[in-house]
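These are the structures, in structure tokens.
Shared chain: chain A. Partners: chain B in the first complex, chain C in the second.
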Partner chain A sequence: MFKKESRLRSREAFAMIILMIGVKISNTTPSLFAQTGANAMWLMPSISLVVILPSVLLLYYLLKKYEDKNLVELLEDVLGSHIGKVIAFLLFLIFFVLMAIEGRSYTEQLKLLYFPDSPTPFVFFILFAIAFYGAKRGLETIGSASYIFLFYIKASVLLLAVLIFRETITDRIFPIFGNGLKPLVIEGAKKASIFSDVFLLTMAYTSFDSSKKFRLGVLSGFAFVFIEMTFFFFLYCTTFDYNSIDKVAFPFHELTQYVDMGDFFTNIETFFMIFWLFAAFIKYMIYLYFISWIFGAVFNIKEFEPLILPFAFFGIVAGMVPENAVINELVFKSSFMNMITPFFVGFPVLLWLVAKIKGDLRR
Partner chain B sequence: MRKRIWLLILFLVPLTGCYDQIEVEQQTYVIAIGIDKTDVEGKFRITFQAANPEVGSTISSGGSQEEPRETVTLVGNDLIATKDTANSVMTKQIALDHTKVVVVSEELARSGEFLRLIQAAARTTELRRSVQIIVSKENASDFLKNNQPLLETRPHKYYQYMLSRATETGIIPEADIHRFFQITEGDADAFLAIYATTQHAEEKIEGNEDQYIAGQIPIEGGNPTQFMGSAVFKEGKMIDVLSGQETRIANILDDTMEMEALYSTYPDPKNKKYRIAANFTKDRPIDVEIDYQKDQPTKINITVPFSIEVIGIPSLVDYSQNGENRSLLEAYIPKFAEEEANNLIKKTQEEYKTDVFYWSLYIRKYFSTIEEYEKADWNHNIYPNAEINVDFKLKQLYFGKMIDDSNIGEVRD
Partner chain C sequence: MFFKGKKNAEANKQVPLSRNLEKNTTHLKQLFSSELNKDFSTREITARYSNKRIKLFFYSSIVNSTKIHEGIIRPLLEAKGENLPSIITLEAIKELTDFDSIIDDINSGNVVLLLEDSKTAYSVNVADFKHRGIEKPENENAVKAPKEAFTESLNVNISLVRKRFHDKQLIAEAKPVGNRSKLDVTIMYVKDVVNNEILENVRERLDQLSVDNVRNIESLEQYIEERPYSIVSSLLYTERPDRAASYLEDGYIVLMMENSSACLVLPVTFWSFFHSEEDRYLRFLFGNFSRIIRLLAFLISLLVSGVYVAVTNYHSEMIPPDLLLAIVSARERVPFPVVFEVLLMEISFELIREAGLRIPNPLGPTIGIVGALIIGQAAVEANIVSPIVVIVVALSGLSSFAVANISMNFTIRITRFLFIFAASFFGMLSLTGAFLLWVMYLASLRSFGVPFLAPLSPSYKSTNDTVFRKIIKNEYFRPGQIKPKDLRKKG
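What follows is the complex of A and B.
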């Protein structure tokens, strides 16, 4: 049910989608892309976008048609209670695993770069404790927090872009297709799930004040974050040469460690780290909240907010499984992203086909 | 009561953030690292030079009689692991966050072992990518020990100012670790590192202002350390030394280098006994045109737009108002610069078989994949056989703030 008095308007949707996808610019995702893309990896988000965009639009079209239904309700309405629940549960599993993997990846980065002596479980625990605290406040708080912090987070990123610009050499993007057009397209398509968060956010569809504003916020945020991602990948490609880019595990932090503001302000990476960390907190708040929500919806648990605590705990446990960050990234995350791409591309199409056959769309 | 205890426990949680806390006072900031070869392969002599932050700061008024720096040399296998061994002498935890330079002895650089050691350094988060690489003629440990700056006694300020000023004048290249890796891993061009020494050559060479390499400059007084010229690294191995003049040309011809105006002298075309002093500014990026054909030698045309401000004409020939003389000068300076550039290019083509200007960047456009590009082989195939034509284009000629020089004939009258 759309509530006129809801505090969630298009700007909150805009901020949430940007922060959810935007943190992928600054974690290990670029280095994942660089393994095959090399100096052409800045083209890969475009390929991913082309692959995923029809499904995204299709899902948003269906949501509009069915009115007043969030993602899980839509699934159940179109596919019937059982199949709908199975797919919703799959969605839950996917996002839960994503949260665990990325949580671990974040923890590793934090530990490696800023807290070398702290034990990994501790850092992981603190990260999720804060995410839990935020998630527990509810969706409206998360939305407002996203909107409030969005400007500062993006301003710090912009500052970094300006500072690193001096060091970039544009000619490094040539040869334009890197390791070849074919591997580039295949890998870009496989990793289309980089934008999977757009699907997660549809869970909150009915919590916003109107359908139109929600779509406007999410889709414009999506466009913004896509441009930002391409731009930043471009910066990575022009800062590192094609033979070096795949060796860098945390390109964002390499940049923050490399830049300085004149001779006096050197070693300024901690400044960027604060904003980076805030973005991560908000992202995990959103994740925790939505995962619990999907789970609650699948198992008909109306009061799903008490589920946030156990899921935060299980998130830590699952995240601790991989042995180290490199294995986590290059093996688990990479193959997992490839695995879930067909699912995200496919299920909106399936929904649409079933709805079409059932004749629901002619209403 | 129970609530209060819970609250207390809750406040303990943020304390975990103190796991990694370390006071500024508990750390030693190593500013320069020296690396030397030993007789045993795989072992290196590593020198740490730490700054004493108390010296020269306004906070410690007088009191401190301590040295501005502490230099320790020891044998180790790895840069980072040796840090702990160094703690047997140095009192505090060694931090490399503020390291400004890595000094490598020429012997080690020429042996090609340097790449192994510095690779390991790139893996840690401590050593920054902006650390500059200096190649010293003598052992790096001697270089760091002999380097006794008189004015900037605090080493971090010394290296910061020394390098930034010398880079601005173009007599040394900009040579940070980041660039070293990009060029070395890119495997197409040669990397230029800063060349320096504290040992002075016996015979002083009589040359013009930038035709020296470090150690040859006939200078009196000051710190014995001289920064001049550059060490050429091909595939991670040092192969030669360029003089200050050649380094300047390399800097001019390389658009990825940041270089400001430089003062230089040119032979006076009307009176060869004297030289004209001028300020050379490259104010626009160079223009590189490449005509690449698979089976023929590649043609590379380079246009360097520059402007000259004439500062001194010791021969007192009137160049500013006499149109004929002026056009003579306008034609002469570019020709002179081209000649110098061509000499260096020829040297790189024939001796090094690779360029020191990062020009491989410009040919990349002609390939769509890395595979094709690497197959065409800039290093072995394209560059050594290329026909290169350098064209210095004098855009503007200034004559300082005087309209005319004093007429020596009238003065002497």
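What follows is the complex of A and C.
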């Protein structure tokens, strides 16, 4: 009993969800939002949240009703083995492609900003090699590492926010709806899949100490990261203004290059890069682990950890498909995020309807 | 030949004593090769109380001869009485019936008495193994702390612990280890606090040992640890009895053996290696200040060389211009790449360290002069290294001494080299990755089932004595990660 109990508590869930969604603040996602949102893009996460939140809550409600089931088991239980497996496999594909696209995006950021002379596949390889070794250590270790590093990562981000504050001009958020309310709402709704990681984490529903702690951790982390995201998008808007914000490719790194600590330490972007890297590594560890897990669950492979290596490899291969960074970001990532949004909004509703019709919810 | 000898030893085990004294004597003398063994002694006496012959067998080198004379021989010659136990004046007397136990007892410093016309032998403890006196701790120095250290005698060590912790539940359980030379491993724990699962685990490991001889705690540590190849030790080695006592009180288990001037504490976490006992003796602020310094030293020692390599090679824009110019001008005449330079200095520092440890005492000052000259002056003047690298390496070397525990010290010294290699490979990208993986490795470890970074993560109900400690009055709980039977120690 001593050795078998799970060491994952709500704080680990809290840390994991914050790191998974939180890194999206610091990658190219904000510039994607800024293409249509311009100086009003800080409102877009709220719109996305409104769109996705009912589905999230519905899924967590279903998980609570069907006790002791993780995401794939729930799908199979509600929709039957075949349809459930198809949906789960779709989930696997979606997250795999997301991992590949975002991995490429990270690689390009690293390469452009810090290693301009290194070949892209090589940087990609290092990123995924480290993520692979971390993922191999297992979910509990990943959870612990997320929690241990969370404080330092967030402290560095807070420092950045404090340092950039004098550069911001609050009036830059006006006009409040940027290019207009309609495009803002449509684009915000389309990109609701920015929060898709909340669905991925439900795979670990039964691996935690108790499902109550899991729900508490994930949902409070979700709330935290939403506020953080809105706040940071707000900072971007007020720092860059409407006519330059959609031209900034890496807003976070741009901020780190703006700030300085006194006259002596003027180039401190590498300092922030360290913590950004910690977060990125941990995110890919979680991704690799969960993708292999879903795949293992779909194809009834109990020992799924050996799958992490091939998926890391195929992640690199798939990530190298887009010709260059611009196509990867503006074509692949943008349209893929739009494509998967209906799926994430829809499938919990489908689950709920089927469960309702089958009468399972009355138990 | 070898196997035959072993078989004979096996066969001896269940041989009982006979009534015939002569026969017993011959057999025993043969067992101990008395004609070759100079210190194997025999003495024959005719006892006054029974008018029968009694033979004494012992190793003269490991017994106290005054005790034998005053407590055994004189009473036998002079006193009258019912039976033998009522005559002998010494405290511990034991009845034996077979040769196996007789052999064990003689080996551990008892005198064995064989009686005429009797199938029972008596064994009296008169052991007097020579050992050092109690001295000051040599490796775990402290200013504000008791100055006693363990010494190479089990009895003295147990007494030092019992002196600090008066509790009838404090158990000193003995477990014999070794097939050829049997030595007791003493497991100390507080019976109504310790976690039974861990205790059982330790007992099992000791039972499963199948070696001829385990001489001391230092080798025992390697026999019972879970991961011999790991970079981190899973048992804490300490020479301070006050430290052992405080761990016992918290529900940990302490292993002791004859011949070791230290004990092993288990299960351990990272924090046991990081803390020093003096942190708890110093007042709240002072103790935590010294912990901050130690954490700083820990990080500097691990990372400063790696960061220097990474920053100068890959992220030179990070260095403020004036400092960058200073570094560049210092490196101007140095022909080697930075990595090579740093490695060269790190390795020579390790050389000085190793040589300084092994050098005979009278030569000690020499190594200091040579080391200081080589590192400080000559290498710089010969343009082999730049002065700034000397500073970096000296800093990391100095800081490593602040991590006093020898196991953790080795861990960070080896890890430092890994980090230098990682940093030279892809700058901060690979260094960050290596550091993350290293921390994750620590997080994934378990020492006797206890997560290595607990209670930081995973968390347990405890006083959260990690980097900082609380005010001593507010420490209500024992460390929850080892699951003590009695979690609350106060209030």
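Here is the rule we go by: the second predicted complex is superposed on the first by the 359 of 363 C-alpha atoms of A that agree within 3 Å, B and C clash if a C-alpha of one lies under 4 Å from a C-alpha of the other, contacts with A are read in each partner's own complex, and residues count from 1 in each chain.
By definition in this document, a contact is a pair of C-beta atoms (placed from the backbone, for glycine too) under 8 Å apart; a residue touches a chain by one contact, two chains touch by 3 or more.
It should be emphasised that the depicted structure is a prediction, and the values quoted were computed from it without experimental measurement.
By the touch criterion stated above, A:E12 is placed in contact with chain C alone, chain B being left untouched. Of the two partner chains placed by superposition, chain B and chain C are both touched by A:I126.
With both structures placed on the common chain, the touch criterion links A:S220 to neither chain B nor chain C. With both structures placed on the common chain, the touch criterion links A:I148 to chain C but leaves chain B unconnected. Of the two partner chains placed around the shared chain by superposition, chain B and chain C are both touched by A:Y114. In the superposition on chain A, contact is made by A:E254 with chain B only, not with chain C. Once the two complexes are laid over each other on the shared chain, residue contacts for A:S46 go to neither chain B nor chain C. When the shared chain is aligned, chain C comes close enough to touch A:F271, but chain B does not.
The intersection of chain A residues touching chain B with those touching chain C, taken from the two complexes, comprises 114-115, 118, 126, 266-267. Listed in rising order, the residues of chain B touching chain A in the complex are 13, 16-17, 19-20, 97-98, 125, 128-130, 160, 164, 178, 181-183, 185-187, 256, 258, 361-362, 364-365, 367-373. Listing the residues of chain A that touch chain C in their complex gives 2-3, 7-9, 11-12, 110, 114-115, 118, 123, 126-127, 130, 133-134, 137-138, 140-145, 147-149, 264-271, 273-274, 277-278, 281-282.
Of all residues in chain C, those touching chain A in their complex are 195, 197, 311, 314-315, 317-318, 320, 426-430, 432-433, 436-437, 439-441, 443-444, 449, 451, 453-454, 456-459, 483.
The residues of chain A lying in touch with chain B in their complex are 38-39, 112-119, 122, 125-126, 129, 166-167, 169, 171-172, 174-181, 240-244, 247, 253-254, 257-258, 260, 263, 266-267.
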